[in-house]
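Following this line, the structures themselves.
What follows is chain A paired twice: with chain B in the first complex and chain C in the second.
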Partner chain A sequence: MRVLLVDDEIELVSALAERLSLRGIEADWASTCHDALTQVESKTFDIAVLDVKMPKMSGLELKKKLQGKCPHLKFIFVTGHGSGDYFQAALSDAGTAYYLVKPLQIETLIDKMNQALKA
Partner chain B sequence: MSILARLKPGFWDHGDTGEERFKHLFNFRRIWKLTVVLTTVVALSPVISMAVFDYNVTHDAMESEIVLRTSRLVSNARRTVSFFLTERKAALDFIVHHHPFKELNDPVVLTQLLDALQKAFTGFTDLGVIDASGRQQTYVGPFELTGKDYSGQEWFEEVLARGVYISDVFLGYRQLPHLVIAVRHELEDGSFYVLRATVDTKRFNDLLSGLEVDGGGDAFIVNQQGTIQTPTRWHGKVLKKMLLSVPEYSPKTEVLQCQGLGGDSLVVGYAYIAETPFILMIIKHQELLMKPWHKTRKALFAFLVISITAVLVVILRVATYLVNKIHDADEKRVVTLHHMEYSERMASIGRLAAGVAHEINNPLAIINEKAGLIHDTFTLKQEYAGDEKLIGLVESVQSSVERCGAVTRRLLSFARHMDVDIQPVKFKELIEEVLGFIGKEAEYRGIQVNVAIRNEIPTIESDRGKLQQIFLNLVNNAFAAMNDGGHLDIKAYRRSEVSVSVEVNDDGCGIPEADLKRIFEPFFSTKKTKGGTGLGLSITYGLVRELGGDMRVKSEVGKGTSFTVTLPLQAKQRKRVDT
Partner chain C sequence: MNWEGDIIGQTGLQFYGKTAASLSHEIKNALAIMNENAGLMEDFVAMSEGGAPIDPGRLKSLAAKVIKQIRRADGIVATMNRFAHSVDESEKDVDLHELVDFVVTLSRRLAFMGGVTLEPRRGRSPVTITTNPFFLQNLISLCLDFAVGAAGSGKTIGLAAEETADGSLVRFTGVEAVAELPVGTFPGEREKRLLEALRGRMSLDAEAGELILTLSRDMDEAGAQP
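Entry: the complex of A and B
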């Protein structure tokens, strides 16, 4: 399983990537949407874990662009924000099962990724 | 409760204690008074004016009628009396013109003439012929008056001067009331004689006693000195002075109103009878004459009183109804304002909570991941493995982060549910969420919270945010009512096929029975001095009603209070409220 983690918080996303790697999951990370789109062009990923709220481009918009490049890519949304609008939009885009609120439990994240891949 | 207190409308004791922007727009008592006064003036003025006008018109008409009737009666009576005297004077004139002086001096002829007069005209008692020297030459009648000398007497002087004389009524030798009619006749030789007749007053009296005088009236004749000439009913005896003053001379019939000696109002009709010393008087009692009109007046007053009472009752009821409606509408407006502000405040709290949670969540996530990484490093990598103390410390950091995460998630969930949305709600989760906010307070105050929610309670379709507010308010109220160490029991059970009930019971101070009926009313508060708005339960009740549910309360002072909220399994879909 190759995972792309996208979050504007570098400290968070880098640590998370390392923790996944320690569990044998191949995880790359990007702190900007542009970086994420570039990485997708050069590598193949099975699943993308996106922060919903990021500067310049939201996770939802990024999802659409990534889907354009990799139609088979699966998505999990992560957010630290409780706005109703984001919550509703993410739910309708990803479904309740693939929406997680920070701070994350690494086991929960891995479970969700496995579920997403099987779906 | 006194009748006055029961009749008092709801707005009467309305006290405005709200903040400036939540004040009522109107002074209801003043509006009510103004409406009642203005409407009463407008409605009653025409009625009272018409009644006064009608009173005066009918009163004047009645008085005119009395004057007219009296005047007509006096005129007719005057004609009759006048005719009676003129007729007798004309008879004497006829005699002196058709009988030579010599014949009249013959007692036999004079007796025949007296008989003829008594038969034709009645009332003649005697006849006498008096020569120019005033000596009665011939006399026929019941007395012996031949040779009586009348020279120098007043009546003789007058008949010489005017040619005719009609006397007052007097007693004379006969000691019977009578009057004298005398005519003078010129002879061819330049001398003259007088024919004098006595007329008894019986016939004269009959003329007046036969009159029908209404109003307890009296008809009689007085002379110009005020001596009564004919019998009266109430005004004195014949030949005595009349008690009333002699009315002023007028050639016409006159009617005037005056006070009698007893102080009663009299209507006096009179007429001077021409060429006689007589005044015909007809006197009536005004009070008796006005009696028929008094009946009309009584009916008019009764009608007026009934009309005014009816109008006043209608005005009072209508004004009270309308001002009550305005009061209700204004109260609804104020409640809506409060409700809006409450919703707005809750939304602001929600936004604030979300913002805080978000700001905390990101660094918290970083701490979490970094601690996680340390933990992973010590557990997954062989070179760092085995340091139990470090692993323990990291796990402690992680568990603290998890606790913080639970708080921020709850805040986010609360903020999210500010938006109105119908969704599946599990009661157990909902109550746990609500208790999550006050768990610490319960712990500090030693309040034991027992939740008994049966497993068969189905998931209901309702507005999670509103349900949170409802139960948060009820639980907060219960906490406020309880002392430290109290007990709060929350029970949920299925009420029917389509509804569930949740009971929130506390063993706090309880609510007095008198207040129980009013606790859902807006602005009813027993804690106003402590800053309560009196809207908490009103808003809670409003929210329950919005979700199609019902709320009941039971309470006993000193033992506790129980609120039961019954909700339908499927809430009515309502419009989204902007927050």
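Entry: the complex of A and C
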């Protein structure tokens, strides 16, 4: 499994990538939507974990752009709060199985990634 | 001071809710970073129990990252507390520089999400006015919402408080795009009611790309003109 983590909080996304790597999962990260879109042009990912609220472009908008480049990519959304307009939008877009609230439990994230890949 | 009706009450609650949501989102991010770095420490300890060597320098670095986020979260909580207390007094002497800086602190993240940088320019001398701090924070925040939306991603909005002959003003710069907006778009009803309550007025200088909020020295002074 190769995963792309996207969040504008660099210290969060880099630590999470390292924790996944320690569990045998290839994890790359991007702190901007532009970087994420660049990375998928040179590497192949199975799944992308996207923060819903990011500067300049939301996770939902980024998902659409990534899908355009990688039609087989699976997605998990992550947000600070399980409420509000963004939550409702992402919920309808991703389905409850692929939506996680920060702080993340790493085993839960891995379970969701496995579920998303099997779907 | 007279209660100015539902519009001010509603917009005040919206401002309070929006600000609380934004600040709590930032706290969540700080907690999430602490969670991952503490998790990494746990991972390293578990690996060392299996015989892998543990790097003390790496643990020290992770602890430093956690401490940094604790300080970040503590700062956000202090901001939330100060914001909550801004409704304590309906009329108070305030330094306009400080109030503008504080609204910038409250609004910086939301502006950043829109790709806009806020740049307060602080003068040397205090600009003291008697006003309703919460209403004025709300009005400046609404002006910033407008300015951020008008400026667009990649731009910088400047804010400066200045003393005038009979009061003060807050100048928002970098809003050249207002020239392209339909006439009468801003200020809306919410801003007009707050301006009335604060005895202020607002003007747009499309050529200079400036929005200017003019305030009287004392919102309750008899016959005061902004």
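The criterion applied here is as follows: the second predicted complex is superposed on the first by the 116 of 119 C-alpha atoms of A that agree within 3 Å, B and C clash if a C-alpha of one lies under 4 Å from a C-alpha of the other, contacts with A are read in each partner's own complex, and residues count from 1 in each chain.
One rule holds for everything that comes next: a residue touches a chain if its C-beta (ideal position, glycine included) is under 8 Å from a C-beta of that chain, and two chains touch if they have at least 3 such contacts.
Given the structure is predicted, the values throughout are model-derived calculations rather than measurements.
With the C-alpha superposition on chain A as described, chain C and chain B clash in the combined arrangement. Once the two complexes are overlaid on the shared chain, A:55 sits against chain C while remaining clear of chain B.
For the superposition on chain A, the stretches of chain B under consideration are 22-30, 148-156 or 382-390; the one running into chain C is 382-390.
Note: residues 9, 11-12, 15-16, 18-19, 22, 53, 80-81, 84, 102-104, 106 of chain A belong to the chain B contact set and to the chain C contact set alike, using the contact criterion stated above. Those residues of chain A that touch chain C in the shared complex are 9, 11-12, 15-16, 18-19, 22, 53-56, 80-81, 84, 102-104, 106. Put simply, chain C touches chain A in their complex at residues 21, 24-25, 28-29, 31-37, 39-40, 43, 47, 65, 69, 112-115, 153. Considering their complex, residues 9, 11-12, 15-16, 18-19, 22-23, 53, 80-84, 87, 101-106 of chain A touch chain B. Residues 353-354, 357-358, 361-362, 364-370, 372-373, 376-377, 380-381, 401-402, 404-405, 409, 411-413, 415-416, 418-419 of chain B are the ones that touch chain A when the two sit in their complex.
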